[in-house]
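Labels for the chains are A, B and C, by order of writing; each one numbers its residues from 1.
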Amino acid sequence: MSAVTPVIEQASSGRVRRFLTGPVGAQITAVIAFLLLWQLVTLIAPRVPTPASVAHFLYIEITGGPHGGIVTGQFWEHFAATLRYFSIGLLIGFTAGVLVGVVIGSSRIGQALLNDTVLVLLTLPAFVWAFLATMWFGISWQAPVVAVAFSSFPFVTINVAQGVRSITPELKNMSSAFGVSRRKRFRHLTLAAVTGYLFAGLRFAIIIGWNGILLWEWFSGQEGVGFRTRYWFDANRYRGFVGWVIVFIVFIVIVDRVLLNRLQARAFRWRDPGEVSDGIEQNGG
Amino acid sequence: MTETLAQAAPDREALALELRRTAAGSRRRRYLAVVGGWLAFLLVWWGLAALLGSEARLPSPPRVLQEVREILAGDFWTQFWASIVRVIAGFFAAVAIGTPLGFIMGRSRYWGNFLQAPVVVAGSIPGLTYAVMAFVVFGISFWGPVMAVGLISMPYVAINVAEGVRGVDRGLINMSIAYHRSEQQIFRNVVVPSVLPFIFAGVRLSFSLAWKVGTLTEVFGSSKGIGFQIRRNFQLFNMPAVIAWVLLFCLFMLLIERLVLVRLERRLFRWRQWERD
Amino acid sequence: MARIDIERLSKIFPPPTKGGDPVTAIGDISMEIEGNVFVSVVGPSGCGKSTLLNILSGVETPTSGRASVTEGEREARLGYVFQDARLLPWRTVMDNMTYVRDDEGSAATEAAAHYLEMVGLSHTHHMFPGQLSGGMQQRVGIARAFSVEPDLLLMDEPFSHLDAITARSLRDHLQILWAATRKTVLFVTHDVVEAVQLSDRIIILAPGGVVFDDISIDLEHPRRVTDPKVATLQAEILARFEEMHPSSAAAELGA
């Protein structure tokens, strides 16, 4: 009996250790560590609200309850508003990006003329577009859409261009040598190769575009996630501020890791990992 | 036989000349294309500005140039200095935290696995989040941008250092042991020089990101710096000034990244240019 | 005058894969080496030759038996030349030379300069290893080993990574250095021909890390491969070596 139990104990502690060091376990531990760190920080910096108070706030904000006279319960309306403009802007930015990307990737003249411009646009952080959009369109529905479109456009372009360029001349020669019809060639060759890059571009476009609309709403909006964040900040209710910050972080993390990573993995099944381009890894605001 | 040889020689020469000419030609064509691209960009900008007519909509290139000159002649350097000092301080923090972290990750497989996921997650959190966090913790102060820069660059440094530590040449360590070198000597002469290029690479890779995030944090919570200037002119609806500051922001980001950092790397690691792997 | 005492030495490594067999690098070796002699240990790869050097230099510990390297009453000072030069790529040649010395300053640099001159590399003091050819790097490695004025010089197949022409030159450099300093050298190689050219004594190892033969060579130094006496001896000893480690094509060649 005593010879058996130690072996079992060893096995289970091995399993616990493996779980902790595996991807899921490590992430959970990281989250817990972060929460503990947060709690510690509240002791040093008095303005920082505790995790518990933020959680409580979010509960009220979502379900609608008394909060010192401020209207709550409109969580989903604000979220929907942001999502609406976000998606329209993303659609525009993505479409434009694909078009320009194809031009840059397939024609040398196109590349010579447009590539550097797109590179410059890549270096502009999202907050610049938030400002410019307001200065052009004031406080209207066009402004956030424009902010999202412009900030996401260059990432799509760069990735699509690389995707198109990756269709090496040999592939093109091969299919013309076999006399495959033009449409078929476009579909199978071009589209398949480009799809993977499309997803990469889409992923970065979403992250940057999301930054873009939040920044716009913070500085100029009248509704939406960014606006609400600013609202609580101005009211000096930091748990409200932090609560909404968590909302937008969690949203983008979920979208990115759960949704997009899966889609990208599927689209890239035929390729080695690690060859995806992100232009320059740019998640900055 | 000699006749055909004599014939072959000038042919070969002619071919070589032809190749050199076309190589130079294609290089020249590429320069022209790039210049053409910039000209096209400027012309489109100018045209659009003329079309829209008002400087509040889109100021023309000359108008922006004038603004840039005014800024450069004015307090640009104080603002730039304020911004760059924060970025440098942030990098110091990133290196101070990331290097030991990377060491632990590189030397121990357990900690490497354990820390890999959180470090990668930390590296993929959008800069906006860090800017906001820094703002929450520090408010309007010098330290906000420093913290944001530090947080966003730290994963790059840590991961690079881990790579560097894992890649330390075991043969050199064994050689040092065979010659009875002390642990300190081995650390100073083998480990540190192996890892140093990786630290620098982490800094160089994250520079443009750090510059953006630092500026963003300034936009929120600062009373000095390029980010603050952009916001101030935005609030004044001074379009030429906003564009001028943005242009300067990008220009210096590229200058520092491409010129300063790359040159510095080459000087610090002179010995690498002859390395054969 | 260094003295190597090896008594029933064995080194067994744990199996490389789960459920495999442990690896016997050294089965059972005993030998005594004394005096300023050049001794070669010859055998094909996997015979435990490098392991033997690792144990003598302290990098590895024996599984059983003992090995000691002494100079009179004290532990011998060791110099080590590896298959690859193992120079610190981020330090100059001079800094690499002084790295292994315990003294500092001008004493160290003068000694280093002296040995660099003996291998014909005086002009490379401030160059980085990356600027040197493989042969030159190995010459620095050899000069480095000699410069610590070791009682015993361990050399682990130092020329096996070089092309034949460079290797021949380096063997000559080595003979010059050895003639000038007359250290005890333990030289490990898989090349019997090379061993005959360089050594006073050849120890042939069999698979499983045991001694197969122990041959003394009595020709004067330095030996040139163009010398017919050297060539004859090389053929003889190679034949002896082939008894233990035959060529896999021996049968077809009617040997």
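Quick note on the criterion: a residue touches a chain if its C-beta (ideal position, glycine included) is under 8 Å from a C-beta of that chain, and two chains touch if they have at least 3 such contacts.
Everything numeric in this text was worked out from a predicted model, so none of it was measured.
Hopping across touching chains, the smallest step count from subunit A to subunit B is 1.
The most central chain, judged by C-alpha centres against the centre of all protein C-alpha atoms, is B.
Chain centre most remote from that of subunit B: C (centre = mean of CA atoms). Put simply, the C-alpha centre of subunit A and that of subunit B have 22 angstrom between them. In this assembly, the C-alpha centroid of subunit A lies 59 Å from the C-alpha centroid of subunit C. Centre-to-centre, using mean CA coordinates, subunit B is 48 Å away from subunit C. Of all residues in subunit B, those touching subunit A in their complex are 30, 33-34, 36-38, 40-41, 56-57, 110, 113-118, 121, 124-129, 131-133, 136-139, 152, 205, 208-209, 211-213, 215-216, 219, 230-231, 234, 237, 239, 242, 246, 250, 253-254.
Looking at the complex, you find that subunit A touches subunit B at residues 20-23, 26-27, 29-30, 33-34, 41, 45, 47-48, 108-109, 111-117, 120, 123-128, 131-132, 134-136, 207, 210-211, 214-215, 219, 238, 241-242, 245, 249, 252-253, 256, 280-285.
Subunit B meets subunit C in the complex at residues 171-172, 174-175, 177-181, 185, 189-190, 193, 269-276.
The touching residues of subunit C, when paired with subunit B in their complex, are 57-59, 78-80, 82, 84, 86, 88-91, 99-100, 128-131, 148, 154.
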